[in-house]
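Two complexes follow with chain A in common, the first pairing it with chain B and the second with chain C.
Take a look at the complex of A and B:
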């Protein structure tokens, strides 16, 4: 992350990170619950493999501890922008299948979509704080949904979206803690309340 | 010609005396003791339905010359049952440990082989020197949805068995219990106890991967626990303790986001602060008054009964009061 000298900037960064961590935590627990609902309503086997499903941001990362703060924010931003598109598509598919989205699944999907949007905004704020340019959304958006994709393939894709989003929510909380911990201004900021 | 021969418990064993003919005259010994001829069929030794006690050194000697013609160590045992395999990460995000054991002994040497597959990748499990039934796998990726598949194969001379466990990265995360749990009374606060602890030393990075804690406490005289969950910090003040009662306190830990709770820490005991009995000065005055009026009666010193080192808490107060009343009664008699 770019070096920041102003204490107020440091506080803003720490505040954004703390709020982001809380948002990620809530998002994760809602996604885990949504996963159970999705599997049940879509008639899927919870252990079905989705390894072959493409076009979903994968949370798995090697050498995670070596990433810079900027890398972390940019990778998170790219992922959540993609999830925003994918979840909107899933919501649309619900509407097509059932005629409306005012079902438990539809409402849960909408709630998670809202949280993903909020988290995306959060990440954009973090980038703006560091005076880093926001990458263009067109470069990062996932490939449009193949109209010829069968119903079962769409369901598998939805499952992969939720599974990866659940992992991303955990990764994002960890990423934000690393950003807050390694921020150059934290040495001048008041020490955090908790200590090991 | 000496070697080890492995046989299953309950098997029938036939031993040939090397190259000696069936009709040759031979003597068999087990651990140096002659074996009765009833166990022989010609020069062959027949052991029916062998058991563990029949393990040992078997030797065959030519009848007349007593030349050693054959020797073997018979090791009676069992093929391995399905091993018990458990994998757990108490050092996330560094890696995880897998440990194993056999549900029942085989009585003969066993060899273990472990394979760890993550997706299409085979991972290395570094065996511990001690304990030797454990190995460590380093995470190459974090936040993966792909499951890990660990297969343990156990082989011995009598058979083979294996088991496989499959799990994902998050579900096996279980920290060790918190360490150095300390509970202290709070001066001038009869209902408080201050509890503090440390992160388990095996947890590599508590700052980036913070733990949350669960504290449980109860007075020794009651069975029901009180519980408190703490999302940060490594200390807590109990504010609703029963005055004067000894408490037992334990703490458990869990990663803030994933996995399961640790086992409970070692239990610590503590009793809240209690006020020193104020009536000690009153008793001293009563003792002086009693001594002044009678020269023959010498009451025992009340400070010993009320010594805090011997009795702590409300019990001490009750004993002191009793002593005071007795003294007062004697005083009244003699005035």
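Take a look at the complex of A and C:
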């Protein structure tokens, strides 16, 4: 478990968390914008349900307020590592399906992927700061994309990725605010009981 | 009582015929004595049979048949003679048998193979085949003609369905009519073959889905898109943003028919199958054009190493990425083929072809193809008449005197086989721009020099140079960078 909370450790933690919160906020707005572009460019109905799409980290969580700091960081890390893979697949799919056309969507996807990678690195930094071991990537990578998935299902999958990512960005900011107050190893302080 | 009657003879192969008869009233009997003679006075042939059918040769003109029925104790009951004329014999080909029924789902095409059974006949004949393809709803009859030889030939025939083969089961049967013009008797169709079935996805437990899956269509096509769903589900189908009336193919398969499909966006047109507003499945159709004939195809070389061909693509196909338009450059004389890496976003398309040793003339065919179609454009080029050197580089001014200078520049390329014409532009503040043309033998990745005289002393000049082929002017290179220099004082 982490050493008692030395002032410098707390300071570094608060700095990492505040930078992470800013990054999550930027990511959130970019993903929401990307979502609109994606729906329009893929000819999808904005209200289409993607509940049936699997293999995407779900942001909604039960008893969010009871989570320990470590749980928060680890769950965030697992999710963003998965999103990194999923967004890379979407980018590859975009290039394969559309070639050089629609580079705007491609650039926006690449930008969000970059931010997700940065945020993942950020979470890893937070775990290192608290001397908590980094889980191996293999355990958490999402199931590989089924090559037989039809294009329409891939479009829905992309939509689910972006919808969940936009929710995760909100949850991550709230998680980091919790962690900023306490060392990840301690249980979190009571707060209004509702999930993001 | 007990007389043989209703003797009928049918041939399936114009060689042998099967004769059948019946005896009334029906009672347990002994063997029957069957004798026949053909009219060429060959000896009578007799044999005994328990059946009321025999196979005997088809006569040239007629056959006399004598049938004697016997009691179970072998005593003759009744005898009857028949005269069978060749006009009485009917000809019904054997029932054909389908050898294979193979689907190509990507093109919704069925391939049917069957044997024409030609070896059964004594000589070649014209055959007519009737093929019937049917689904739960609707049937299509097609006639196919073939020429039978003396051997068995496997016939193969393709049929393209108006809907994806996955949508519902397709059934096929076939029958045959042989146009034996020399045969005098009545001729008829064979029986239908046993039915062959190609099961649809609506017969498979995990067959749900929307078909065709992610396919490419030409603008203006009519297309049937189906949704295979759970038993009895009342589904809704949208094409793009439009809801279409649903056609029920079976209890697990519903379809829509889109007529005169218009071009889709770059990401394709979504076709969504929903049940209670919830999207259960979907597909993406890419509706585009066959590639347009390339326009303004032009080829030149800037360095005698690579020939650069450029063209305008014409009407966009509307298909991108892996469905985009591919180009290849084929040179007829050398037989060399190059596939082109083309950026779909550039207004002008470019493709490079290597300059070949000892080849001056190039007969190019630019092949263009995408999933919908292909076209081409051709161009015959004499390379020496299509030289546009690269931009002169490293322009320097040396040997400066009061009235003349030497200019040096480098051109990246191998021009040893031609003469170059270079144009030097001389400009300055207080006089009009002057052009100075100079011709020189081309070199291999060489530096070139030229003297410019009749300059004014102590005057600032700007020099730049461009070059072209001297003998067959095609195009000037771009101008080099400007080099500024002041002449010496007098």
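The rule is short, and it goes like this: the second predicted complex is superposed on the first by the 176 of 196 C-alpha atoms of A that agree within 3 Å, B and C clash if a C-alpha of one lies under 4 Å from a C-alpha of the other, contacts with A are read in each partner's own complex, and residues count from 1 in each chain.
Simple rule for what comes next: a residue touches a chain if its C-beta (ideal position, glycine included) is under 8 Å from a C-beta of that chain, and two chains touch if they have at least 3 such contacts.
The structure displayed is predicted, hence computed values, not measured ones.
Visitor: So, A:41: does it touch chain B (first), chain C (second), both, or neither?
Guide: Touch partner of A:41: chain C, not chain B.
Visitor: Just checking: does A:95 make contact with chain B only, chain C only, both, or neither of them? Give me first, second, both or neither.
Guide: After superposition on chain A, A:95 lies in contact with chain C alone.
Visitor: Quick check for you: in the superposed arrangement, does A:152 touch first (chain B), second (chain C), both or neither?
Guide: In the superposition, A:152 contacts chain C only.
Visitor: Per the contact definition in the header, classify A:168: touching chain B only (first), chain C only (second), both, or neither.
Guide: In the superposed model, A:168 contacts chain B only, not chain C.
Visitor: Overlap of the chain B and chain C footprints on chain A, residue-wise?
Guide: In the superposed arrangement, which is not itself an observed complex, chain A uses residues 51 for both chain B and chain C.
Visitor: Quick check on the complex: what are the chain A residues that touch chain C?
Guide: Residues 41-45, 48-49, 51-52, 95-103, 150-153, 155-156.
Visitor: Quick check: in the complex, which residue numbers of chain C touch chain A?
Guide: So the residues of chain C in touch with chain A come to 209-210, 213-214, 240-241, 264-272, 278-284, 320-322, 324, 343-345.
Visitor: Which residues of chain B touch chain A in the complex?
Guide: For chain B paired with chain A, touching residues are 93, 119, 140-146, 170, 198-199, 206-210, 232-234, 256-258.
Visitor: What residues of chain A sit close enough to touch chain B in their complex?
Guide: 25, 28, 50-51, 58-62, 64-65, 163-164, 167-168, 170-171, 173-174, 177-178, 181, 193-196
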